[in-house]
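Each of the next two complexes has chain A plus one more chain, namely chain B in the first and chain C in the second.
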Partner chain A sequence: MDYSLGDLGSIFVMQAFSGLILFSIFVLMALGLAIIFGQMGVINMAHGEFMILGAYMTYLTSLVFQAYLPSLYPIYFFVAMAVAFLASGALGLFVEWSLIRFLYKRPLDTLLATWGLSLILQQSYRSIFGAREVGVDLPQWMMGSLPVTGSIEVQINGLFVMGLTIVITLAVYLLLYRSAWGKQVRAVMQNRVMAGAVGINTEKTDRYTFGLGCGIAGIAGSAFTMIGSTGPTSGQLYIVDTFLVVVFGGAQSLFGVIASAFTISQTQSTLEFFLSGSMAKVLTLLGVVIILMIRPQGLFTIKVRR
Partner chain B sequence: MSSNDDHPNGRSVSRRKALQVLSALPAATLLPSVGMFAGSAFAETPATSAVNTTGLAVTDTDVTVGILHSITGTMAISETGSVEAEKLAIDQINAAGGVLGRKIKYVQEDGASDWPTFAEKAKKLLVNDKCAAVMGCWTSASRKAVLPVFEQYNGILYYPTFYEGLEQSKNVIYTGQEATQQIIAGLDWVNKTKGAKSFYLIGSDYIWPRTSNKIARKHIENHLQGKVVGEEYFPLGHTQFNSVINKIKLTRPDVIYAIVVGGSNVAFYKQLKAAGINLSKQTLLTISVTEDEILGIGGENIAGAFACMKYFQSLDNPNNQKFVAAFKKAYGEKAVIGDVTQAAYLGPWLWKLSVEKAGSFDVDKVVAASPGIEFKDAPEGYVRIHPNHHLWSRTRVGKAQVNGQFEVVYETPDLVEPNPFPKGYQ
Partner chain C sequence: MTSDRTFFLARKDMLGIVLLAILLAVILPLALDGFRLQMVGKYLTYAFVALGLVLCWGHAGILSLGQGIFFGLGGYCMAMYLKLEASSIENTKIQSTPGIPDFMDWNQLTELPFFWRPFHSLGFTLLAIIAVPSLFAAIIGFAMFKRRVSGVYFSIITQAIASILTILIIGQQGYTGGINGITDLRTLQGWDIRTDAAKTILYFVCVGLLLASILLAYFVKSSKLGRILVAMRDKEDRVRFSGYDVANFKVFVFCLAAAVSAVGGAMFTLQVGFMSPSFVGTVPSIEMVIYCAVGGRLSLLGAVYGTLLVNAAKTSLSETFPELWLFGLGGLFIAVVLVFPNGLAGLYETYVSPRLGRFFGGRGKAAPAGTRAPAIAE
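After this line comes the complex of A and B, so read on.
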């Protein structure tokens, strides 16, 4: 095969761009879990199902807008993301109150409990929405791509995901590291007894932290209706990558999540281009395993006295 | 379509089957007299002792069959349609008087998308429920799991999915197409009408896409003198296709040949569309997207792509119009019918016809009677069971529409012979 230099150049640009999209997707997937697993230490196997709840909420919102507010349809997606955040967040609060709070001292049991929860949620989605996947319609402006030059095209939904990721990441950063509430959250995680002793309501903090993580998962799920499927078991498609990013990054560090998402996405995207899809995945996982053998705590950790 | 000349099927197989038919004949001719001695209550209903000599669940008034699909777990997405179609066929057969004067009752078991569960439930259906026949399975993995059970307990399975071939069992009737039936006609068509010479093969990473692409590659290279410019597999559930889409853009194949399944399917087509690949300009041929999958993908994301299989809901013939109307009456106006759903619908009917020809529910006699069974009312049109237990059927190419349906653009003039062990393609 002979390619012209221009072709190669534009493929290079587009390949870089698809790496960035994958990076944004990974960050978006992992942010919610970084809070739940990273900050709280809860191994939430039902994280994917919280995402899919967000996706189903987007589906329902699009149906409502189509039926009652067709004139506002082009902007329904923003409303849908808010609905997804509230629905997943509310379910998160309920789950924390009814299940998780009894298991904080038994982290390995949360693994089993949340895995069971994920099965329950999957079957509920199947009973409510049907076993088949649902198709989520997008407003016209969010589909297709922007031609930059003749051979370079930029995907609109990719740009959208990137923008969304930046906004959510900033919001999470401000909440956790620049707000009074965030200070409480970090205090509770570092030393629960002391935090309680200085007057922080640790139970309430736990509940809202878990709710926030689930709510962000809902937004991610909502955004992923643009690029993936919405079915009862679609959440399973994301859960492995999500844990991979969080564990590799160093569970307690927001910056670590971003760095790890960047490393994994660029590796995978580049390898996929030069090798085949399955092979890229194998090599990426192999790399992660080796690095975790050398650095079991992940790429970045905060220094704590143990 | 020249595949009939290209792959002569194993003559020895058909000869063996013919012998089985012959050996079954004396028994069959004896049956009516036995029935008269037994003193049946209904004039045309043969006595149970005559039509059931092997202890199946057959009474004077009804006969039990099994339905074995996943209604929970990952595969429920795909198998729901099959269950619906099989129940519809059973209801229709009962409304028309049943089989040998007996109403069909069914026992439904859930394979739960788990292959050992399939095997266990298959054993339950055969050993405890004594089902006269079982309609079921969807994935090849589930079929492979139940196969030894059906062979050990001598049951009969009607398997509806198009699959990779390379299998033939006395105890299975394959009502979907095997790979060569589905693939070769489509490749010939795209070569002839689009002048396609270069192909990019892409699939999910498991046996069906890999075997199918192997057949496609051989056909492209050896028979069409074309070129495969890329062949890629992605893990099941993969959701990121941007890199391969860039590669496709770089290699500019005449045809993207896609066998992506499950949740990946949705991601693949949405991302193709987002990347600005216009399927009305770039030819894409798939064998893994039916009307069922389009529900999840969204018609606007796949409009213009071509699918190659034996049945589309939009087929314009009286049988199919009746079938679609009945299906929608039973399962709602929005119900869609994909290739596999239709193939699942054939199962109970083919079984009924075979039982009536055999004059018995005994599995050996039904199996012996199966080759040559013709079903003229099939929604896809006429089908006939080949001695290798697959169906003669036409292959069609459909163009995906925005409304989620296919417009049929090509149909093989003749029935395509099933050839599960294609020579020169392995």
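After this line comes the complex of A and C, so read on.
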């Protein structure tokens, strides 16, 4: 390889940047999953499909704006995000009410049931939106890239997704650790019976926690449209990775999820430069699995008395 | 108990196995044409996996979402042997390097990779079909069970390993045949496996191996080991405090399930004539779990019926209404969890068995309440 040292530095920075975009998507997806899996112990295999629902909602919103409100198109994304959150969240509430609440004591069965749900959702998307992938037109201001130095450029949409990730993460943190409702969620997670005894409506808390997790997945889907196109099975591609991110981080820890998403995405995108894409992924996932075998509780854990 | 048992089988189980044997070896071959029979043969190879899952998930409480790994490893071992036989020097003389499989030639490999070489020998291949997946399962099992990783975490990690293996197989095209897998398999020791006659013989071999596996599984289930497995599933700590090394039992049952699945994989390769990564990954692995769940996760015979039923439904639905099949499969996953968690076997025990018992004048009481499948543990 005949790169000069400066080129190599630039490539490294660009690669790190593309790793940061991957990191943002991982964090957004894993946040929702960490709430559902980490707080409630429910394995939601349909999480990817909730994300794709958000992506399709964003796509629909962009179509509506193009047709009826072309002058407001530059800000359609913010509306789309709200729509995506509400749609995925509402579906989440419905799924919790109709399916999940019967299975809280059988985690392995939730896994199978939500897998079935994911198949149904995938086929619904295929019937409604077609099997082909769809993409949204980015508004003008989000296209192009910012030159940082002569040989380094960063894409604006990537920057936007990162900013969004930071905002959402902060919001989730405040909601879970600084609000009265978050305190109830954590109380129910730590000791369901006692939480009920002090007057917390545990069923309602469960339902809204699940809804919130799904809603965040919707926002992740919304962000996903900024950097890639959406197909009926796009969600399935990410689900295994996302679960690994959550487990690797130590399921109950928000900070752990962020740290593990960062480690995994940076490792993968750095390795991608030296090896083929598939080998980079294999080595990264293999590394994670081996570390999990040595340290099954994940990177960061909160001590919970069981 | 002793008078009711022959060897290690209860009379009722013996009857069930004989009925299954008659169905598979006599009724189906007479009733179906060659093409349909070959399809049943293909389904039966998945039944091996479902059988392994009954032992490992139903009886020991370990849900592996990576059984496709072992099905695939067994299948690939067989496929490698058959491919080498199909790539003899005279068959491949148009290649730039004769004597190596065609996909290697396309990927500019000029030499057979070292791990392919032993597969020239049939004996080694047959050994590898059992040994490679068992060894792999033992490594995974020891690493995880010794550190008390269990339940959901185990499922997620096995799923990740299945995903890794698929990416690896697809990525390393020159060594593995990539996404197309290993195709164009022709002969086994000079015997053409593509003819209808050969496929019929292979069907019967498959049925024989399946019945042998069922007997083996019953043997394990009825042994003291089987009782420890169930005890472990329900109250792991009590078994541990009683002085048993829980991890070793788990590793054993996981390896056994892997070995049985691998036999299924090898039979799949022989009957269908190819092996590809689409039978290794996370999606087929989970689908195999549903075969077992539909049959009843505690019932060894149920696993076979469940596999046949789900696959027959899949084939007929996807032939006529392709877009409905995923709805059906998804609904099945949900129904089997919510409505009938003990699957077909559970339905049989609740509705059919008592009536049969009354019909035959009390002989059906051979199954007193105590031996019945308990409700699914938490």
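In this text, the second predicted complex is superposed on the first by the 305 of 306 C-alpha atoms of A that agree within 3 Å, B and C clash if a C-alpha of one lies under 4 Å from a C-alpha of the other, contacts with A are read in each partner's own complex, and residues count from 1 in each chain.
Quick note on the criterion: a contact is a pair of C-beta atoms (placed from the backbone, for glycine too) under 8 Å apart; a residue touches a chain by one contact, two chains touch by 3 or more.
What you see is a predicted model, and the numbers here were worked out from it, not measured in a lab.
A.B. asks: Does chain B (first) or chain C (second) touch A:Gln155, or do both, or does neither?
C.D. replies: The first partner, chain B, only.
A.B. asks: Examine A:Val134 and indicate which partner it touches, taking first as chain B and second as chain C; both and neither are also allowed.
C.D. replies: After superposing on A, A:Val134 lies in contact with chain B but is clear of chain C.
A.B. asks: Please work out whether A:Ser269 is in contact with chain B alone, chain C alone, both, or neither, and reply first, second, both or neither.
C.D. replies: After superposition on chain A, A:Ser269 lies in contact with chain B alone.
A.B. asks: Once the shared chain is lined up, is A:Arg192 touching chain B (first), chain C (second), both, or neither of them?
C.D. replies: The answer is neither, since A:Arg192 touches no partner chain.
A.B. asks: Quick check on the superposed pair: does A:Ile11 touch chain B, chain C, both, or neither? Answer first, second, both or neither.
C.D. replies: Only chain B is touched by A:Ile11; chain C is not.
A.B. asks: Once the shared chain is lined up, is A:Lys183 touching chain B (first), chain C (second), both, or neither of them?
C.D. replies: Neither partner.
A.B. asks: For A:Gly144, select first, second, both or neither according to whether it touches chain B, chain C, the two together, or no partner.
C.D. replies: first
A.B. asks: Figure out whether A:Gln236 sits in contact with chain B (first) or chain C (second), or with both, or with neither.
C.D. replies: It touches chain B and chain C both.
A.B. asks: Give me the intersection of chain A's contacts with chain B and its contacts with chain C, in residue numbers.
C.D. replies: 123, 126, 236, 276-278, 281
A.B. asks: So in the complex, which bits of chain B are touching chain A?
C.D. replies: Per the touch definition, chain B meets chain A at residues 71-74, 76-77, 79-80, 205, 229, 231-235, 237-240, 242-247, 249-251, 262-267, 270-271, 273-276, 292-300.
A.B. asks: Would you pull the chain A residues touching chain B in the complex into a rising list?
C.D. replies: Residues in contact with chain B: 1, 3, 7, 11, 14-15, 18, 21-22, 25, 123, 126, 130-137, 143-145, 147, 153, 155-158, 224, 226-234, 236-238, 268-270, 272-273, 276-278, 280-281.
A.B. asks: Looking at the complex, which residues from chain C come into contact with chain A?
C.D. replies: Answer in residue numbers: 63, 65, 143-144, 147-149, 151-153, 155-157, 159-161, 163-164, 167-168, 170-171, 282-283, 286, 289-290, 293, 323, 326-327, 329-334, 336-338, 341, 376, 378.
A.B. asks: Write out the stretch or stretches of chain A touching chain C in their complex.
C.D. replies: 41, 43, 99, 102-103, 105-113, 115-120, 122-123, 126-127, 236, 240, 243-244, 247, 276-279, 281-282, 285-286, 288-289, 292-294, 296
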